[in-house]
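Note that chain A is present in both complexes that follow, paired respectively with chain B and with chain C.
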Partner chain A sequence: MVLPSPPSAPDGAPPWWRDRRVVPWVVQAVVGLVVLFLIAFLLGNLVRNLTAAGLLLTWRWLSQPAGFDLAETIVPFDAGMPYWRGLLAGLANTLRAVVCGLVGATLLGTLAGMAAFSSNGLLRGLARIYVEVIRNIPLLLQLVFWYFVVFLALPNGAAALQLPGVVLAKSGLYLAGLAEGLRWQLPQLVNGVWQAPLRLSVEFAALLTGLIIYSGAFIAEVVRGGIAAVPKGQWEAAASLGLGWFTTLKQVVLPQALRVIVPGLNTQYISLAKNSSLAVAVGFSDLYSVAETTLNQTGRAVEVYLILLGAYLGLDLLISALMNGLNRLVQIRER
Partner chain B sequence: MRHLVHSLPLALLLAGVLTGCAPEGGSGVQSAKLSAIQGRGKLICGVDGKLPGFSFVGPDGTYTGLDVDVCKAVAAAVFADPKKVEYRDLNSSERFAALASGEVDLLSRNTTMTLSRDAAGGNGLSFAPTTFYDGQGVMTTKTSGITTLKALAGKPICVESGTTTELNLADRMRELNVPYTPLKFQTGDQTYAAYLGGRCVAVTSDRSQLAAKRTSFPKPGDHVLLPDVMSKEPLTPATVNADPLWADVVRWTVNTLFQAEELGITQANVAAKVAEAKANPKLADLRRFLGVEGDFGKQLGLPADFVPKVIAAVGNYGEVFDRNVGPKSPLQLDRGVNKQWKEGGLIYSPPFR
Partner chain C sequence: MLRKLRHELFSTPGDGVLSLGLLSLLVLALVGFLRWAFHQAEWAVIQANSTLFAVGRYPLDQQWRLWLLTTLLVGAAGLSWGLLRAHPRSDREGVLWPRNDRVAAAVLVVLALWLPFALRLHPGIQARWWGLAALLLALRWLAGRHGRQLPSKLLRLVPLIWPATYIIGMVLISGGLGMAKVPPSEWGGLLLTLLAASFAILLCFPLGVLLALGRRSELPLLRWASVVYIEFIRGAPLITLLFLGQNILGFLLPGGLAPERIWRAAWVLTFFAAAYLAEAVRSGLAAVPAGQVEAARSLGLSYPQALQQVILPQALRVALPSMVGQFISLLQDTTLLSLIGLLELLGVARTVMANPEFLGKNAEVYLTLAVLFWCCCAALGLGSRALERRLDPQTIPSR
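Right after this comes the complex of A and B.
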């Protein structure tokens, strides 16, 4: 504690409450105390009210048997396994959708964004129509459209659409692949049910199609914006050297555009990861869907939502960290 | 967005526990919930809204069904007016959060009574008497040729997520050692759309619900119910554990419907019965039941004549059943175990004493 010095100090120093070395610290401390008090008040209230409502946080239910089945998992799961295994299987399904969605949306978006600069008017127009139509329709509506209108209209059984090694039926997409004993195995019809080494359910296909096409439209705009940010003189300089459209784009424009594109991509990737939770609308067992079932069986609403919040936050922070790393790589280094 | 809408009750619940004060306990004999409802001037009742026979919104926006009549009966008991109800459509996933957060006063939405839903350590509900004893069944198309559960091996089955149905299906199929693919949807609409779209070979739910939904299919005759009954599904109105006084009001309103049928009091003759009871002091039982003497209404915090008001509003249980799901309805369900106990059924009201 600094003793207050009288205003009429002989050295002419101001009193402590007007001292610019002291006042900011005092203000900071007061604000800090108020914030701490608020947090303590809210947390105390939370615990008190949750206790009163019999909802105090507990995690023991996580190790109890789940009692429900999931349709398709890459992590093995059945009804006898505990809830945390079910949530893990859901998370794995979410990750599968997000990773596949990121790759697909990036490819589609980059192509559509580059097409906006094509010398071919038809291509330019198509890219424009794609972006404007898709990004102005809610994603949920698109997912329901892909699932109920497109995929569920496919024929089933022997009438399914068949190409060599590929079968598209109402029950899913079946691909030829290596089966047990490293044999090349084509899709085949057994008792009216298609079987193949690689199977994609229509629920997953609908979700993936919806996510890729929707996010692709936004990524196309990010890519278009990045390319447009490169000065026109760069195009003209490349043209004067006799470089073609594609070579100019690849060698001159894109490397400069990337530093504008990458931060924008980050946002779109995060959106895609969050949007994947709409899977529940098309019957795909992602994390959100499993969590909702878990919530209903256990009644542990607060805990389940905390897990969900943590999982999506962690996933998005991970994507963000990776993209920031990429951003540093593509930035123009000053020499 | 849909997610946002669905998590609204939960968000309210969280906001409530984060900033609110501890909930007030019931003060004396008056229920806090009942006071709140009387102050508001209407009952807020959580229903399905899309299930013919139980709760269904007609083209003119009016709700009808067995579950809806329970809401109307409670409103009649509290306000002497069955129209003082606001209905909230809830899906199976959001129903308990809506009740726990206080967004609805009463959940009358074909909800199965189970231990974990009743227990304070589970969902913490308080169940009224069961209004419809049901069982889980499986519906499939006639053309599939499936007649047993075992024939569903390896086939996709549509089911609504967050239901007891989902768990019973898993239990039963594990018992039979039959592998299957459960396709889960958040709402009944999506579940039945996927089934009608041919994505699933079969769909499973309560037998009454399957029969009800079938009436709205394009060709109801093409779909059959398998004979297997997988589980017991006592469909029961529920309130929160926290207010036992309000739970009593709902419990005895439902019992009123049962007792009225037992005593042969109907919507049509209730006024005559009241007059008869008033004229004849020897009919003590009837006089107490109809509120001519005694203070049953006051004990519950309700008007003295709540019983005749309830019966005048919706009729007795038999009339409610017949009108909504029985022979006078498109569902054509048999009374089955939902008969009065004197006829060998399970409908039984404790004495009004």
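Right after this comes the complex of A and C.
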């Protein structure tokens, strides 16, 4: 039953600015108007300024020849090809760095996270130091350190650092692999130049090292938190069954820890994908660095920005979707 | 001690082998590093450019303003430190110099004596640093000793010295009010790093809280606006947003209204950090039981009152560790300003190493920066943990 009441009633119905049916709508209307006004203001300026500069939105420049070359690509690209091929090559490079980084960082992070529960005090301490040191130093600083201090200081030719199947030289990282005719081939020195089936540039190697070591520290914390969330009784029960440290971890603890770990990994994977854009600092031609060159040549700031934004958002969504699928797999199904 | 060591390192043969291997690796690495640091490294690149690293190209004849600001900051720090300890607390009654403070004071004295000497600063400047350290400790001692006798009205004003110092500092740095103006393009080094980080930290906090409240609001328009903003910012790498600030902001604003490049970058950092902070605050808000709101409302508090008195204090306490985590990564993210051509610490480092005199001194410079950043970030982390303990309801004395 609704009683009609005058707005100035002393008790009963409150005045309209305290009426719970009215206030939310007023608040929303004000916020909506402010947001709309702001967007209209910014877009209006954008259109006006772009028209004045003769840079109105167009995508025709994408098919003009790029005129710059990229040092290393996995999709074929040269200076005569159009801009869109260049951006595609950049995206492919970004994807390559992200995928390799994800695999490496997950391995390193899991090992370091597990080491935090080792029975060996020294190993525990080292894992702690690794995480504390790496997390408190900016990634960009670490990347330039790896590139300029470590990788560019490597010797060339016969003096290069040689491990079984791997050669580290200033000219690149050479890995053993399958050569033509499906035979296993080790890196070899031909006339003072290393030859191998697989060659990574030092730029890529520096980027990958930096990303893996930085993200590995964060993933180690995620893994450590996940393992710590498993009740202590589980360890003790496994130990009383006679399982060793590693078997306990692998068979009993990790499967339970995974459901805590996977959502945390999602965040870390996305930030690794975004952090790969710092490749520009070590001279690796990823999507961002190609986009920057493109902008400098064409002046098409808005279009280039939209491409960048779309690509990174798409990458994030892709990782999120994959990780959500994984999350559903590792959740404990009760009946 | 020995037994503990044996238990930790050599409890099984496998552990023993592992320990020996790790120990020998550690010793090798340490010896190699020390040999490099004392025999091969040429630290002259740091010693000769210490002013550049500290303040960039800030005009020499105006640097007294920065010294004045440092003195003010040191004074405010000493005063606050002492008053915090003078304040009676149930678990620390009558202890004016707890162990942490003695350690901190000792570290401070050693740093103040050793650093200016190691950097081969001019003797006059060395003396200034000694004076500043002495001022800090003296104020700490005085405030700790006599802080309790001060009238409580005065004590309540003490927290206000920090915003006041910040505003005075901004005026001192940029000029005006009769002092010569120093344009932002001449700020650099640690000064610019700290300025950008502190500006973004201060402003992203209210913005982040508002966004978090918006995201949890029952009003669909507020909620959707917050979600779109937060996810848009979190989906893009910071470098692309800085790129947006440098290249597109000029198009978005009416001609000539776009701020100086440094301010653009600082605003981008602020808006970037606000989205991440909002997520941290949101997790804190989610941790406050719904009954708290209902209880506050049924006591007759209005929603804003309930928010301010009941919900936010609890939510922010829960969110504190992740918020400080965001602040730490914000401080680290300032290095990205060097990628858009600003001369913050890393940018200055690049210009120094481009100088033919110091070509190839990458290792020394980057290592110094790493130590500097590590100390700043670790200090923030330590402070956060101390604050957490202080705000923990179990250690707060009940009134």
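Simple rule for what comes next: the second predicted complex is superposed on the first by the 259 of 335 C-alpha atoms of A that agree within 3 Å, B and C clash if a C-alpha of one lies under 4 Å from a C-alpha of the other, contacts with A are read in each partner's own complex, and residues count from 1 in each chain.
Note that a residue touches a chain if its C-beta (ideal position, glycine included) is under 8 Å from a C-beta of that chain, and two chains touch if they have at least 3 such contacts.
Keep in mind it's a predicted model, so treat the numbers as computed, not measured.
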For this session: Kindly classify A:259 by the partners it touches after superposition: chain B alone (first), chain C alone (second), both, or neither?
Result: neither
Exercise. If you stack the two complexes on chain A, which partner ends up touching A:148: first (chain B), second (chain C), both, or neither?
Worked result: both
Exercise. Which of the two partners, first being chain B and second being chain C, lies in contact with A:305: first, second, both, or neither?
Worked result: both
For this session: Considering only the touch criterion stated at the top, classify A:24 as touching first (chain B), second (chain C), both, or neither.
Result: second
For this session: Please indicate which partner A:79 is in contact with in the superposed arrangement: first for chain B, second for chain C, both, or neither.
Result: first
For this session: Have a look at where A:128 lands relative to chain B and chain C in the superposition and call it first, second, both or neither.
Result: neither
Exercise. Between chain B (first) and chain C (second), which, if any, makes contact with A:292: first, second, both or neither?
Worked result: both
Exercise. So, does A:199 touch the first partner chain B, the second partner chain C, both, or neither?
Worked result: neither
For this session: Check whether A:32 is in contact with chain B, with chain C, with both or with neither, and answer first, second, both or neither.
Result: second
For this session: Could you pull out which residues of chain A sit against chain B in one structure and against chain C in the other?
Result: 42, 45-46, 49-50, 53, 138, 140, 148, 277-278, 280-281, 288, 292, 295, 301-302, 305
Exercise. So in the complex, which bits of chain C are touching chain A?
Worked result: 8-9, 11-12, 15, 18-19, 22-23, 26, 218-222, 225, 235-240, 243-244, 247-248, 250-255, 328, 332-333, 335-336, 338-339, 346, 362-363, 366-367, 369-370, 373-374, 377-378, 381
Exercise. Touching chain A in the complex: which residues of chain B?
Worked result: 1-3, 7, 10, 13-14, 16-23, 92-93, 96-97, 100, 116-117, 120-124, 154-156, 158, 161-163, 166-167, 169-171, 173-174, 180-186, 190, 193-194, 197-199, 241-242
Seminar exercise, completed: Counting only contacts in the complex, chain A reaches chain B at residues 42, 45-46, 48-50, 52-55, 67-72, 78-80, 138, 140, 148, 152-153, 156, 170-171, 193, 202-203, 277-278, 280-281, 283, 285, 288-289, 292-293, 295-299, 301-302, 305
Seminar exercise, completed: Interface with chain C, chain A side, in the complex: residues 24, 27-28, 31-32, 35, 42, 45-46, 49-50, 53, 119-123, 126, 132-133, 135-142, 144-145, 148-149, 274-275, 277-278, 280-281, 288, 292, 295, 301-302, 305, 308-309, 312-313, 316-317
